[in-house]
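Each of the next two complexes has chain A plus one other chain: chain B in the first, chain C in the second.
Moving on, here comes the complex of A and B:
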C-alpha cells in the first residue's frame, strides 16, 4: 500500500519535506498551537453538526421536538449535541485567543497582513456561525436572543430595516427566519469558512512561520522589496516537537470540553434554553450569547443607536485592517507602551461590558 | 490605507453626530420595544384598567392578574369575562360576549366554564349545595381569590380560612388525607423540573403528573373524606409509575455524566502522556 502510494503521490517525499524537514523557530511557544486548535475545534463542530443534521427538523413545529428527541431518544445524541454546543463556545474562545496572541506577538505585521485579514474574517464567520446556530433549537432563549440581535442592524438609517428584513425574512422571527438561518448555518457558511481557512493556511505555508519577537533578531525588519519565504534552518523539526505540542493541546481542548459537559452541563443552557419558543411571551431577561454581550451592552449605553453601531462597525473594520494601519516595525508590544495601553484598555472594556451585559 | 480609514471614519461618524438623539428616544424606540411587534395583541381591558382614569380598586386588578397563575398560563381577561379586548370601544359590549362580574352564587359556573370537573364535584358537595340553596357558603373565590389566583396547593386548607364558617376538625382530616399525595406530587414536580434543566425533556411524565394531580384535586372538591381516602391508592400507584420513570431518567443522567467524565479522563491522560513524551523527545 505504501509503495503503491509512493509511486503515485510520492508519500515518503511528502513526509520528508513537509513534516520532517519542515522547521519551526526554536523559540516557538504554546500559543502557536491555537490556530491548529481552532481547526480541530471546527472539525469537531463539523462532525457533531453532521450527526445532529440527520435528526434535526428545521421547522418551528418540529425543531424543538427534534432537539428533544436528539437529547433523549437518539443513541448518544445528548453527547453530540452537548459537544456541538460547548464546542461552538470553545471554538469562538480559541479563535479569539488566537487573534489576541497573534496581535500581542506582532505576527500580523508585514508580510502577513493578508494572513491576519483571513484570520479576522474567519473569526467573524465563527461568530456568525454561533449566532445562526443559536436560533435552530427554537427555544425561548434562541427566539428572543435572535430577535434582539437581528434588531441591531435597524440602527442604521435607510439600510438598517432592509438588512433586518432580509435576515428575518419579514418583520418578525418566523419559520422563514428559521429556514434562512438553517441554510446559512449548514450550507452557506461552511464552504466560505473552509475557503477562508484554506487561504489562511496557504498563506501561513507560503510566507513561513513568524518567529516570536521575544529574544531572536527578526529578519522581517528587512525592506520588503521581494518575496522571500521565512525559513528556520536552525529550528526544530515540525515532527515530533511541534506536532506533540499540538497533540497535547488538542487533548487539553477535548478534556476541557468534556469537563464542561460533565460538571457544568448548564453553562450554556439557561432556563429559557429548555422552553419552546413562544412569540407571545417575552422572557424577563433577553440576552444574546456571551460573545455578543459586549456589543449589545455598548449599544444600550450609547444614546444614539446609529452612533453606537457605527462605532462598533469602525472598530471591527479597524481590527480587520490593523496590519495595514500599523506599519511600525517593532513587533514586541512590550516596547510599544501606547499600543499596549490601548490594547489593555480595549480588552478590559470588553470584559467589563460582557459582565455588565450579563448582569444588567 | 490610513487616509482611507480616516475618510471612512468621518463618513460614518459625521452623519451619526448630526442625527444624535436622546437616550430616552433610543430606549423607547430600540431597547424597550415589544420585539414581537404586532404579534402581541393590544389588550384594551389592561390598557384601560391600568390607566389613571380608573378607580384604585379597579386599577389594582391589572397588577393582581399579572402576578397570577392565570397570567402565567396566558389566561387573559376575556377568557373569564368575555368581551373583545381588541376593540376598545366595544370591549364591554354584550354583543361581543361581555359577561362582566358574576353574582356571588354564580361564581362556580363562571370558573367552571374551564374547570368543568371541579364544578361538577363542587356542586355535589356540601359547599355547593348550600351555595345553591342560598345559604351562607363559600364559592371558588373564597379560597382561591379572584384576580391574583395562585397555583393551588394544600396550604389553601387552613384553620384561618376554614374557621370563618365552621370548625377546622373535618378540614384537618381532609388535609391529612391529601398530604401524602400532594407531597409526593410536589417532589415529582421538583424532580421533573431538575430533569428538564439537565436537558432531559420528560414531557409525557409531566402531562401524566398534571393530569393525576388535577383529577385528585377535582375529587377533593366533593369535600368527601371517605371518597378521597377510597381512591388514594389509585392515585398513589399513578404517582409511583411516574416516580419509576423519573428514577430511570436520573439513572440515565448519572450514566451520561459518568461517560463524559470517563472521556474527560481519557483525553486528560492522553494529553499528559503526550506532554511527558514530548519533553523526552526535546531533550
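Moving on, here comes the complex of A and C:
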C-alpha cells in the first residue's frame, strides 16, 4: 500500500521534505501555533456547521423552532450547537491573538506583506462569518443586532442605502434577509475563506517561517530584490518538536471549548438569545457579539454616524495595509517605543470600549 | 498588427464583456426585491383607543409606527424606526419622549432629535381626524 502511494503521490518524499527536513527557528515560541490553531478552529466550525444543517430550517416561521429542537430534542444536538457557537467565538479570539502576536514580533514586515494582508482579510471574513451566523437562529438578539449592523452602510451618501437594501433584500430584516445570510454563511463565505487561507499558507511555505526578533540574528537588512526562501538550516525539525506544540495547543483549545460548554453554557447566550425575533419590539438591552462591542460603543460616543463609521473603516483599512505603511526595518517592538506605545494605547482603548459597551 | 496580438485583444474584449454581463446580472439579481402583497394605504383607529398623554404602537405599510395623543397638541403619527441604525424607538410616558434602546437616541413628541447620535428626525406620517376616527396615511 505504502509503495503504491509512493509511486503515485510521492508520500515518502512529501513526509521527508515537508515534515522531517522542515526546520523551524530555534527561538520559536508557543504563539507560533496560533495560526495552526485558527485552522483547527475553522475545521471544528465546518464540521459542526454541516451537522447543524441537517436539522436547521432557514425560514422565519421555523428557524427559531428548529434551533430549539436541535438544543432540546435532537440527541446531542445541544453539543454540536454549543460547539459551533462557542467555537465561533473562540475562533475569532484565536485569529485576533494570532494577528496581535504576529504584529508584536514584526513578522508582517517584508517580504511578508501579502501574508499579513491575507491573514487580515481572513480575520475580517471570520467576523463576517460570525455576523452572518448571528441572524440564523432568528432570536430577538440576532434580529436586532443584524438590524443595527445592516443599517451601518446608510451612513454613506448615495451608495449607502442601495448597499443596505442589497444586504437585507428590502427595507427591513425579513425572510429574504434570512435566506441571504444563510447563503452567505454556508455557501459564499466558505470558499472565499478557504481560498484566502490557501494563499496565506502558500505564502508562508514559499517565503519560509519567520524567526522572532528576540534574542537572535534576524532577517537580512539588505534591500529585497530577489526571492530567497528562509530555511533555518540550524533550527529544530518541525516533527516532533513543533508538531507536539501544535497538538498541545489543539488540546488546550478543545479543553477551553468544553470547559465553557460544561460550566458556562450561557456565556454567549444572553436573555434575548432565547426569545424568538419580534420585528416590532426592540429589546431594552441589545448588544452585538463581544467582538463588535468596541465599534458599537464608539458609534454611541461619536454623534455623527458618517464620521463614526468612516473613522472605523479607515482604521480597518490601515490595519490591513500596515506592512506597506510601516517600512522601518527594525522588527523588534521592544526597540520601537512609539509603535509600542501606540499599540498599547489602541489595545487598551479597544478593551475599555468593549467593557463599556457591555455595561452601558 | 500581428495576428497573435489581434487575437489577444479580441479575447480580452470578449472576456471583459462576459465578466461585465455576469456582474451586471448578479447586481440586478441581488437588488431585485420580490413583489410584496398590496398594502393598505390608510389605517383607521378609534380616537378612544389612544387616551390623552398615551400612545399606541401600530403597523403602517409593513413598518412599525406610533400614534401619540399629546395632551397639548393632539394626535401625531411617527415612524418608530430610529434614523440612526434602524432600532425601534419606545414612547416614554413619564419623560414625554421617544427613546431608542440601541444607542440612546432621544426624540421629542414631534419626532425631532433631542440628543444622541440619530442624524435626523423621525418620519411623520400624515393623519387626519374624522369624527371619532383617526385616519392615518
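The working rule: the second predicted complex is superposed on the first by the 359 of 360 C-alpha atoms of A that agree within 3 Å, B and C clash if a C-alpha of one lies under 4 Å from a C-alpha of the other, contacts with A are read in each partner's own complex, and residues count from 1 in each chain.
Please note the rule applied: a contact is a pair of C-beta atoms (placed from the backbone, for glycine too) under 8 Å apart; a residue touches a chain by one contact, two chains touch by 3 or more.
As the structure is a computational prediction, the values presented were derived from the model and not from experiment.
When the two complexes are overlaid on chain A, chain B and chain C occupy overlapping space and clash.
With both structures placed on the common chain, the touch criterion links A:310 to chain B but leaves chain C unconnected.
Of the two partner chains, chain C is the only one touched by A:165; chain B is not. Touch criterion met: A:151 reaches chain B and chain C at once.
By the touch criterion stated above, A:79 is placed in contact with chain B alone, chain C being left untouched.
When chain A is checked against chain B and against chain C, the one touching more of its residues turns out to be B. Look at A:318: by the touch rule set out above, it reaches chain B but stays clear of chain C.
In the superposed model, A:281 lies in contact with both chain B and chain C. Once chain A of one complex is fitted onto chain A of the other, the partner contacts of A:176 are limited to chain C, with no touch recorded for chain B.
Touch criterion met: A:300 reaches chain B and chain C at once. Annotation: chain A residues 144, 147-148, 151, 154, 171-172, 279-282, 286, 300, 302-306 touch chain B in one complex and chain C in the other. Only residues 1-2, 5, 8-9, 12-13, 15-17, 19-23, 26, 29-31, 33-40, 74, 196-201, 203, 256-257, 259-261, 263-264, 267-268, 270-272, 274-275, 277-278, 281-282 of chain B touch chain A when the two sit together in their complex. Interface residues of chain A, counted against chain B in their complex, comprise 68, 71-72, 78-79, 81-82, 144, 147-148, 151, 154-155, 157, 171-172, 236, 240-241, 244-245, 247-248, 251-252, 254-255, 258-259, 261-262, 265-266, 269, 271, 274, 279-282, 286, 300, 302-307, 310, 313-314, 317-318, 321, 324-325. Chain C contributes residues 30-31, 33-34, 57, 59, 62-64, 84-88, 90, 100-104, 116-117, 119 to its touches with chain A in the complex. Within the complex formed with chain C, the residues of chain A that make contact are 144, 147-148, 150-152, 154, 162, 165-166, 169-172, 176, 279-286, 299-300, 302-306, 308.
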